[in-house]
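Listed next: structures, encoded as structure tokens.
Next, two complexes with chain A in common: one pairs it with chain B, the other with chain C.
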Partner chain A sequence: MKFRCERQALADALAIVVRASGSRTASSPVLAGVRIEVKGDSLSLACTDTDQIITCTIPVQGINNGVSVPRARLFNDIVRSLADGAVEVEVVGEDVVVSGGRSNFNVPTYMAQDFQVLPPAAAPDTSTNAEEFADALRQVARTVKNQDDHPYRGVQISHDADGVRLAATDNFRMALRKLPHSKILAVGEKVLVPGRALTELERMLPLSKDLVIRWADPTITFITGTASLTTRTINGSLPDPKMFLDAQYPNTLTVNRELILEALRRGKIVLPSSIGLKLHLSESGVRMEAADRDLGRTEEDLEAEYTGADLSITFNVDYLMAGIEVVETESVRIAMKDSRSPAAVWAADNEDYSYFIMPIRA
Partner chain B sequence: MRLVIARCSVVYEGRLDASLPEALRLIMRKADGCVAIHADGGAYKPLNWMNAPNSVAELDDRWVITNPKGETLTIHLHEVISDFEHELGKDPGLTKDGVEAHLQELLADNPEEIELGLQLIRREYPTSIGPVDLLCKDSAGRTVAIEIKRRGEIDGVEQLTRYLDRLALDSSLGDLRGIFVAQVIKPQAKTLAESRGIICREIDYDLLRGKRSEQPTLF
Partner chain C sequence: MDAFFVAVELLRRPDLRGLPVVVGGTGSRGVVAAASYEARRFGVYSAMSSAQARRLCPNAVFLPGDLHLYADYSERVHEVFNSFSPEVEGVALDEAFIDVTGSVQLFGEASSIGVQIRDRVLSDTGLVCCVGVASNKFLAKLASRAAKPKIVDGQIVDGPGVFEVTDDYASTFLEPMSVRSLWGVGAATVEKLERFGVATVADLKQLERRVLTGALGQAAGSQLFDLARGIDPRPVVSSRDAKSIGHEETFAEDIIDLGELRTHLVRLSDAVAARVRRADVAARTVSLKIRYSDFSNLTRSFTPEAAVTTGQAIVSALDRLLPQCEIERGVRLAGVSVSNFVESQVQLTLDTVDSEPSDGDWMDAAEAIDEIRKRFGNKSIGPLSAMGHGRDLGESPWGPSH
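After this line comes the complex of A and B, so read on.
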């Protein structure tokens, strides 16, 4: 195997795939490698940890076809450190030799046949706008339950009568985002994709205008231009958000997004994590109150508009902020029923994004 | 239980002679016959004492306690400030932290709290070097030995390793792996466990007991 290309092109491709590589201590050490294959004038790179695989294909000047699996992070570090300009990579014996400028590196390799490739999902392409998908993902991804074996450790993509939607929950809150123009999946279908894979996908999305999705359980493949990510899906699905979507929220607080975030940040100073911040709401005024036995207390009147009954309601300040931060409009609506029922966070003028949050008992 | 606070001096004659000069002290006479003389300090050790069985001769100005070995403890009472007696009844004994046993019970009922798809084979699975806390089957059909501790330290990992070595001798158990479960696992224990291919799981006891955190959930 031998090829020549621009250092930057190779470094960019490696940056996409390398984070999917497994750890060296894992039962299968070859997973710490990056599989590089030259076929004609095209170079394919792949890293996998058996649950997911990221591949990227770039044009190169191919000299000899072949496959090699050098250690991924090492190969990546070397390529990044080389001077700009042409790089030549060649298999010599059991090593890969990387040359660029005046530098020469010999990198030991793994046995290429040990490298198990998770095949891409065998399903027809469905395509959606990558930028819109990236926005949607950014809005829901922070709500994913961040625990390795939890049934909610992913983002659900679903397509029903109301269209395509992304959803995530950690039991305390649920984030939903509609993709009004998207046609991915068929009506009635839903798939739960691991949050870990989507963190990688977020970095791949700026690579192209369109995101292609192929889904055939138990795997799903996302393709952005020359890069692709295939991951195992999670068995099961998230709870149905219908009860939150259909609920009545007679009390509404409308407030400037930046203004309430700043106030919450001030309140958070006296709150160790996960302790509640109280909102005292009435049509004559809105007051925020945060207090901790050791760290003191703060009170602040908010410039906001409130319609509804007098209400005191307590939220986990981190969860409330997370829901508000990803709203894309200047002002935000927080709609509530009472101090014990889920509240909703929406943009001022649409409900494409919704965030449902359970208040804390005061 | 009889408690006497008195200005007293004490003479002990036996393997060696010892005496306490006159001072205010607490004299305890327990229902089983033990006598102990305490000063106003120190958590557990009396200044002088005599275990049961013994015989106590209670005279006007002194108690003379004799045991079968011929040792005597003589307490001279110069002034009795308080003399109080109360029946305590039978003591249930010291319970040494039932958390570990309870954790085992709770996890045996809900092995999925440890790992999704885990099914219990049995609790206290016997081996020649002691019982394994829980023996389970995972979703892939592998046998899983689980050691449960309140605090996850290195000795717990060693213990589980020994069990795994033992269980590996029994080929009928098939593929075998270990999970080390504790409320908190020390980083050194985690590192050791991982180097031996043992998975570590931290379990929230309060949550498991149904004492949900103060945060209500959506579902």
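After this line comes the complex of A and C, so read on.
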């Protein structure tokens, strides 16, 4: 195997795939490698940890066809460190030799036949706007339960009478995002995709205008530009968001997004260990209160508009901020029923994105 | 801290800087408590007999030591720690574990907090400390060792001061180490491990869990298996959590009836719970103290599943302990106390949407009782089971005598 290409092109392709590589201590050490294959004038790269695989293909000047699996992070570090210009990669004996400028490195390799490739999902292409999907992921993916083996560790993509929707929950809050024009999946279908893989996908997007999705359990494949990500899906589904969507929220706080975020950040200073931040709401004024046994307390009057009954409600400040930060309009609506029922966070003028948060009983 | 006692001595004796200094017993049976790095170059270590230290390093300056002074400095160092996190577990005068999980928002990531702590200790006390940063106590301890200066070929080589062992790096860091570096591995364990050809952590990782538990016993073997993989579940136990809230009462006449004793406990619990709620905390542990007529004491604790904030919850914990009281011996004093405080906040979950409040949930009632007492006085309302037995509700209501 031998090829020549621009250092930057190779570095960019490696940056896309390398984060999917497994750890060196895993039972199968080859997973810490990046599989590189030259076929004619095309180079494909792949990293996998058995649950997901990311691949990327770039044009190169191919000299000899072949496959090699150098250690991924090492190979990535070397290519990034080389001077700009042409770089040549060649298999010599059991090593890969990387040369660029005046430098050349010998990198040991793994046995290529040990590298197990998770095949892409065998299903027809469906496609959706990549930028919109990336936006939706940014709003939803952070609410995924961040715990291996937890049934809620994924983002659910579903298509029902109301259209396509992304959903995520960690049992304390639930984030929803509608994709009004998207036609992915068939009506009535839903699939739960690991949050970890989607965080990688979000990082890759958008490499092209359209994002192609192929889904055939137990895997789903996302293709953007010349890069693709295939991951195992999660067996199961999230709780039905109907319980939030159908609920009544008679009390509404409308406030400038930056203004409330700044206030919450100030409140958070005294809340590193105890997380509850209190909002005292009445039509005559809105007050934020945060207090900790050891770190003192803070109170602040917010410039905000409130309609509804007098209400004191406590939230985990991190959860509240996370929901507000990804709202795309200048002002944000927080709608509530009482101090024990879920509250909703919406943009000022639409409900494409909604975030439901359970309060803290204090 | 590096050679803590010596470092403190050098602050008041800067003329000794750069010399071999030994703090410890200077008499014939004395033992070295601390040695400067200059003395360590000669092979002097703490816990060595002072006589041997003198033979190895005859030019060393021997100081008798001043524990009061060291304790003063220790307190100042701990003040720095406490300013970065309330979760500080003191291990020795010069050593502590600090859980900075909750401090990251305020002070930056853990390794940066390590650098800040080191800078602050130096500027506030003039002492140099070394910080190990890792995701658990075991790795942090080893990391702090890697942060220290070393003696290499008789020369002092500065350490990095702050050393971080990330979870990704942990196995690379651990594997070349001798198994002696692991917690709980002494001479006897080393000997047993040598029979398996185990010298390093990397060797140790080749052994299956059941092999280790077979050779070393269930607990020790399992712990060693985990440690070799950088796993240590022990939490940082902060000393601030040792505080407690309690009431006790000496009775005019010894009590020999369990029902009567329980009545008093209900009243005491009610008062303790009110103070817990006023402090806006919840307590994990409930303790019962009994003093018998012969002045011997019985103290027992129970940790219910959920932290307590109500008298009802305290009493139901006490009911678990009460059978251990030998009432026939006569009880002259009873005390109820709670400790291990946590925030009295409960994050509601999706599962609680539309569900009914759980049975035995007295939180709402307790809040209402607090309100009523605030307006109408302590004797306006109280648990029925605390009344009777000849005690006048009006005279000794809810705050028992101290």
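Keep this in mind: the second predicted complex is superposed on the first by the 360 of 362 C-alpha atoms of A that agree within 3 Å, B and C clash if a C-alpha of one lies under 4 Å from a C-alpha of the other, contacts with A are read in each partner's own complex, and residues count from 1 in each chain.
By our rule, a contact is a pair of C-beta atoms (placed from the backbone, for glycine too) under 8 Å apart; a residue touches a chain by one contact, two chains touch by 3 or more.
All values reported here derive from a predicted model rather than from experimental measurement.
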Overlay on chain A: chain C relative to chain B, clash or fit: clash
Of chain C and chain B, partner touching more chain A residues: C
Touching partner for A:Leu207 - first (chain B), second (chain C), both, neither: neither
Chain B versus chain C as contact partner of A:Pro151, first or second or both or neither: first
Partner chain(s) touched by A:Ile63 [first = chain B, second = chain C, both, neither]: neither
Contacts of A:Met174 with chain B and chain C, given as first, second, both or neither: both
Partner chain in contact with A:Met321 - chain B first, chain C second, else both or neither: neither
Contacts of A:Pro342 with chain B and chain C, given as first, second, both or neither: both
Partner chain in contact with A:Arg361 - chain B first, chain C second, else both or neither: both
Partner chain in contact with A:Pro239 - chain B first, chain C second, else both or neither: both
From 74-82, 110-118 or 182-190, the chain B stretch with C-alpha clashes against chain C: 182-190
Overlap of the chain B and chain C footprints on chain A, listed as residue numbers: 25, 169, 171-172, 174, 239, 244, 274, 316, 340, 342, 358-361
Footprint of chain A on chain B - complex, ascending: 115-116, 194-195, 197, 214-219
Residue numbers on chain C that touch chain A, as the complex places them: 85-87, 102-103, 105-106, 168, 171, 240, 279-281, 343-354, 363
Residue ranges of chain A touching chain C (in the complex, touch as defined): 23, 25, 169, 171-172, 174, 239, 243-244, 268-269, 272-276, 293-295, 314, 316, 340-342, 358-362
Chain A residues touching chain B - in the complex, by the definition given at the top: 25, 27, 149, 151, 169, 171-174, 239, 244, 274, 316, 340, 342, 356, 358-361
